[in-house]
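Structures are listed in the sections that come next.
Common to both upcoming complexes is chain A, partnered first by chain B, then by chain C.
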Partner chain A sequence: MWRYMGRKLGIYAITFVIAVTINWMIPRFMPGDPVRSMLNRASVSDPEALERMTNYYNEVFGLETPLHQQYFSFWSGLFRGELGISSMQYPEPVLDIILRAVPYTLGLLLPAIILSWILGNHFGAFAARSKGLDNSLLPFSYILTATPYMWLALLMAWAVGVVGGFLPTSGGYSLALMPAFSWEFILSALTHWVLPFLSLFIVALGGWAIGMRNMIIYELEADYSNYLQALGAPRRLIRRYAFRNAMLPQITGLAVQLGTVIAGALLTEIVFNYPGLGSLILRALNNNDYFVLQGTFLFVIIGVLIANFIIDIIYVLVDPRTRVQMTGGAS
Partner chain B sequence: MTLRVKDLKVYYQTLRGDVHALDGVNFELADGEIMGLAGESGCGKSTLGKSLIRLDSRMRHVDGTIELDGENVPIADDRGMNRFRYHEISLIPQYAMSALNPTRKIGRMINELLQSRGVKPSEVAEELKRRLELVGLDPDVLNRFPIELSGGMKQRVVMVMATLLNPSVLIADEATSALDVSTQRSVVESMVEFRDRGFVKSMIFVTHDISLVYQMADTVMVMYAGRIAEKAPASTIINSPQHPYTKMLIGALPEVGSTVETRLEGIPGTPPGLLKPPTGCRFKARCPIASEECSQVPPLVEIEPGHWAACWKTGR
Partner chain C sequence: MRTLRLPAALAAVALIATACSDEGGDSGSSGYPRNETLYTTGTAWDPPTNWNPIMRGQYAVGTFGLAYEPLFHYDAEANDYVHWLAESDEWPDESTHVITLRDGMTWTDGEAIDAEDVVTTIELGQMDVSYSNIWDYVEGVEATGDLEVTVTFSDPRPQEWMNWAFGTPIVPEHIWADKSQEELTDDPNAEPVGSGPYVYEAHADDRMVWKRNDDWWGAEAHGLEMQPTYIVDVVNASNEVTMNMLSNGEVDLSNNFLPGIEQSIDAGQLTSFYDGPPYMQSANTAWLVVNHDHPALGDAEFRKALAHAIDLDQIISGPYSDLVDGANPTGLLPQWDAYIDHELVEEEGHTYNPDESVALLEDAGYMDDDGDGYVETPDGEPISLTLEVPGGWSDWEEAARVIAENAQEVGIDIQTNFPDFGLLVDNRNAGEFDIVINNERQLSNTPWSYYDYLFQLPVRDSQTTVNFGRYENEEAWELVEELATVPADDVEGAAEVTSRIQEIQLAELPAIPLWYNGLWSQQSNDVWTNWPSESGYSGYATMWDGWFQLGAIRTLAEIELAE
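The block that comes next holds the complex of A and B.
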């Protein structure tokens, strides 16, 4: 058990190092110069002043040192919790900017992923119950899962927000408020949260329902289901077994989904101008802000790795077969 | 009399029409009888085994009745059959290796099955342990997952589980086909012992391995193309078969230790398709002694006490 965990941790550590390295490389080999773009905004016309300011900023951001030195100072900064200073919101530290955005992304993603997973699985299992349900619910699920996140988001923003006017379609909270722990703010944040949440939730729901329905049908055709039926076991018992066994691949699916859903969240956040990591990535890209980009990607990497590790552990707990293989039982 | 099957017809529904897998099967199974059911692939022996406990969705009961201990067994009525399943009629399936839920401990799964069939697990717990020991298993297997057991062990667990409620009839469908010869032998011996101890009243042992059947069975029934060719005590079937098909089937068996250098004879030709079965005797196309009268269906007649055959040439 512990050896298995140790090996897993080792693999995750290697993945982390490689991911961070790539993460460091990408913005540096991207065309565009952040200092130049910052200075362009300041519209300095005096060439001497421009020269001096360029040198100053290069030094502040550590861009004048050779690449390998930048790489090592990036790692050492990482362990001190320093992610550098933002160039677009100079002189705010990157960490502060990111930490302000993280709660919005997590608050949007976690409920959307987990609720759609739980409900989708039950929905799929329910659909596999009878032909009639299956024939009516399945096409609906296919449409849902084929719908692009952002397209549904646009549609909902237009229908509910613009035409209906029920819910706000932009921002994470009312612009009239400052983030604070008050009822007024929480209520405002909630109403702004509903539409982006629904657009993510509904699309994911269809995919999970289809997966579960297929797995359940497969399990109900399995030998042990047949045998239990031959021995007259009630459908309830057979369904319970089938549901449990069909959940196992769905748990793996959840781990895979966690990585890809970030991209979906990015577009959703942009559509709703939601102040999470997705919008932050877009803004950082537009402003060539290396440090914010690196920082957000770093958070995404850490998030995906942690989520996958948790699911690895859960999988070991729920599937006896992996446990047996680890302890080396006779096959 | 334990089991009486009369004129049983079960067809498979396919897009091209009905496959006549069982076309008028008649036989009786006495108390305490172990009957081997033999024949080539596709002769309907597995279908017969399944028909007695649960028809799958493609199978259709067309005609005929089954009586168990004087009571009608409603095989076409899936719900009505539940009363008989496990309690009266039980099964060791062809797929015994994968018949257990892979994510449940074996003991827990058995308990859940018992509970769902209205039996308190605590009432049979002692018996369960005793029977596991009887087939040479440590009762500790109940705390293990199926993946931790070898094929032979799973086979024996399924055997103990299937017979736990002392059914009247046990159907063993190719139960030993996936095992090696020595494991086969011990499983077969345990089955005979289960019968001797009264755990099961009688048994139908479906197999294509006639030599194995000869070791354990009291009687052997040979099927051909959805019908019964011959049924007789095991020694009679091996030593003096009457139906030409049985004769050729026995002739195709190798003999261990035989030093005579003769080539084994196969049976020329292939069994007829059952989508549109031939009229008359179904073996006539491959039969060396077929004649005109074989265009009529030969009835299954008792040519001597306990020996039935369906051929115009026998019993005269």
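The block that comes next holds the complex of A and C.
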């Protein structure tokens, strides 16, 4: 068990280092210069003042040191929990900006991923044993799962928000409120949350339902099912065994799908102008803000790795065969 | 049912998590009542982080205009200055300007506004801040009374000086006098103490909130009663989001270009200044800026041929669907009509005429000898030009394609390229480009600001705000300097100088004026109404920086609650 965990952790550590390195490299090899675009906005006309300010900000952001030094100071900053200072929201620390956005993204992603997975699996299993459902709702699921997140988001914003006027289509909370711990604010945050959540939830739901339905059908035709049936076991029991076995590939699927769902969430946020990491990435890109960009991606990387790790552990817990393989491999 | 308990619990946790997601800001704020709040968008592109009026272009929307104010405003329609913080001013001789402030004005922290504040503001210009060049021509500034400031000039340039006086916020001496250079540029000034009709209320990453200053001196002095108690300026989002907010009445005013907005205006859902084309007032001129270091573009005849080749109507009716007007050949805005020499323009101005363009090219020796369809220089060198506009500026991208096609039709090889904005600015400032479109100079109190933009000398290694094309013409620049010395209220005297400048401008065409970019302003009338319009009150409905002192501040007093 511990050897298994150690090996997994080792792989994650290597992935982390590579991902962080790429993440550090990309903005630096992008065309454009954050200090320049910052000063461009200030329209400094005096060339001497411009020169002085360029040097000053290069020093603030540590851009005047050689690349390899920038790389190592990035790592050492990382372990101290420092991600540098934002150039677009100068002089605010990157970490503060990101921490303000993270709750919105998590608040969208976690419920959307977990609920769509649980409900999708149950719905798929249910559909597999009912011809009617199988023929009517599943084709619909195929359409859903093939829908791009962003397109569904635009459609929902238009239909529910603009034409229907039921729900707000942009922002994280009402423009008339400032964040406060009051019922009014909570209610407002909730109503703003519904549409982005739904557009993520619905697309993901279709995919899980189809996967589960196919797996159940496969499992019901497996030898052990036939054998149980021949023994005269109740159908309920057979289904429960089939469901358990069908769960395993779905868990692996969850780990694989995580990246796609996060990418979808980032786009959905932009459509709804939801103040999470997706909108932040877009803004940082538009302003050449390396520091926010790499900080945001770092959070996404860490998030994906942690989630994958948790899924690995769950897999060990739910699948006895993995445990046997690990402990009983010697015997 | 047992299986549903987990999802339900998770959902509840998630809901609470989202709800508590923000650390408490202003506790107990119960919101801004809709009928007391004006919602605006389209001006800010970044979260508000800075209220420092010295750092132009970085401060939050409204910092200059709502919170800080200049000495003078300018009424472009009447071509006249409006005394703002100043009650009166006079020029006892040509190198002395005496400004008297109004009595009884206070900063929002209760201190009186007096002559020392103005002296301090002018002296800040001795530091390396962005308006430092006034000390090129200012000799000294002195408080000659409690409310009287005397400015003396070593090189009197009234037009240029008034451009500064109308475009610079006065800051309180008791806060700004002792700041070091670094504090001046780096201080976010999170608690702005200004003189204006609004004070800082709150901000978040996506909005800036101002609250009315009920003790504002201008309520009495100007008879202006600001209608909205709160102004919430929302950071610009995508066009779709803005359109949704406008049509839902969540936002009252949007000041960004929205393609296809004319359909909503025609349908009566939104309003703009004009009911029909061009819908918007003119705000600035979009110029085709060419690099004079290029062998062909450095030749006036070639530039003229290019100017004659461009079919502006195709751009205006195409990418802009009639939301803009074509520019006068001088590029001066309609508000500056008095400074345009119409006879000269009639004779010398360019219009769309591809035949003339081809003839001009032939006369100057630009021929297509190698038969590739494009002309070469008289020396036989091929000419291949790139027109760059910032990537993602869809209206300009479309316009650039039209210009490239037009040019190709007369045999000038122009290709388009849409780089990142920051990269384009770097290359433009360094002079590493062929052709760009630029519209950075806005309407102001004097056409001098446009000629400064076109002709300023000397050309430096990095041209950050003016003369991007690196055009060098001593004679023209001397005339621009002469224009700066014309007394501020002498329109005829100024027009005489601008006429002489236009002679050179039309013969040389250092940059080609294209169209007047609109003062993008689309309003919802759900909550607030009586917006400026051609039939009603004639003003500007905008939150853009630099427009409050052109009269946009009055719009806040003119709008009314819808029934």
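Details
Following the convention adopted for this analysis, the second predicted complex is superposed on the first by the 328 of 331 C-alpha atoms of A that agree within 3 Å, B and C clash if a C-alpha of one lies under 4 Å from a C-alpha of the other, contacts with A are read in each partner's own complex, and residues count from 1 in each chain.
The rule is simple: contacts are C-beta pairs under 8 Å (C-beta built on N, C-alpha and C of every residue); 3 or more make two chains touch, one makes a residue touch a chain.
The structure presented is a predicted model; accordingly, all values stated were derived computationally and were not measured.
Steric overlap between chain B and chain C is absent once the structures are superposed on chain A; the two fit side by side.
Legend: residue contacts after superposition of the two complexes on their common chain; A:Ser130 is shown touching neither chain B nor chain C.
Once the two structures are overlaid, the count of chain A residues touched is higher for C than for its counterpart among chain B and chain C. Once the two complexes are laid over each other on the shared chain, residue contacts for A:Ile118 go to chain C alone; chain B is not touched. By the touch criterion defined above, A:Arg100 reaches chain C but does not reach chain B. Seen from the C-alpha centre of chain A, the directions to the centres of chain B and chain C diverge by 150°, a value given as a multiple of 10 for the model superposed on chain A. Contacts of A:Ser174 after superposition on the shared chain: chain C is touched, whereas chain B is not.
By the document's definition of touching, neither partner reaches A:Ser76: not chain B, not chain C. Residue contacts after overlaying the shared chain place A:Gly161 against chain C, while chain B stays out of touching range.
Once chain A of one complex is fitted onto chain A of the other, the partner contacts of A:Tyr241 are limited to chain B, with no touch recorded for chain C. Superposed on chain A, the gap between chain B and chain C at their nearest CA atoms measures out to 20 angstrom in whole units. Remark: chain C residues 3, 6-7, 10-11, 14-15, 17-34, 37, 39, 45-47, 49-50, 55-58, 128-130, 132-133, 185-186, 188, 202, 204-207, 209, 232, 234, 237-238, 240-241, 244-245, 247-248, 250-251, 419-423, 425-426, 440, 460-462, 464-466 touch chain A in the complex.
Those residues of chain B that touch chain A in the complex are listed here as 53-54, 56, 81-87, 90-91, 93, 95, 98-105, 112-113, 116-117, 144-145, 147-150, 162.
Against chain B, in their complex, chain A makes its touches with residues 222-224, 226-234, 236-237, 241, 244-245, 248, 318-321, 324, 329-331.
If you check the complex, the residues on chain A that touch chain C are 31-33, 36-37, 40-50, 52-53, 88-92, 97, 100-101, 103-104, 106-108, 110-111, 114-115, 118-119, 122, 154, 157-158, 161-162, 165, 168-172, 174-182, 184-186, 189-190, 193, 270-273, 275, 283, 286-288.
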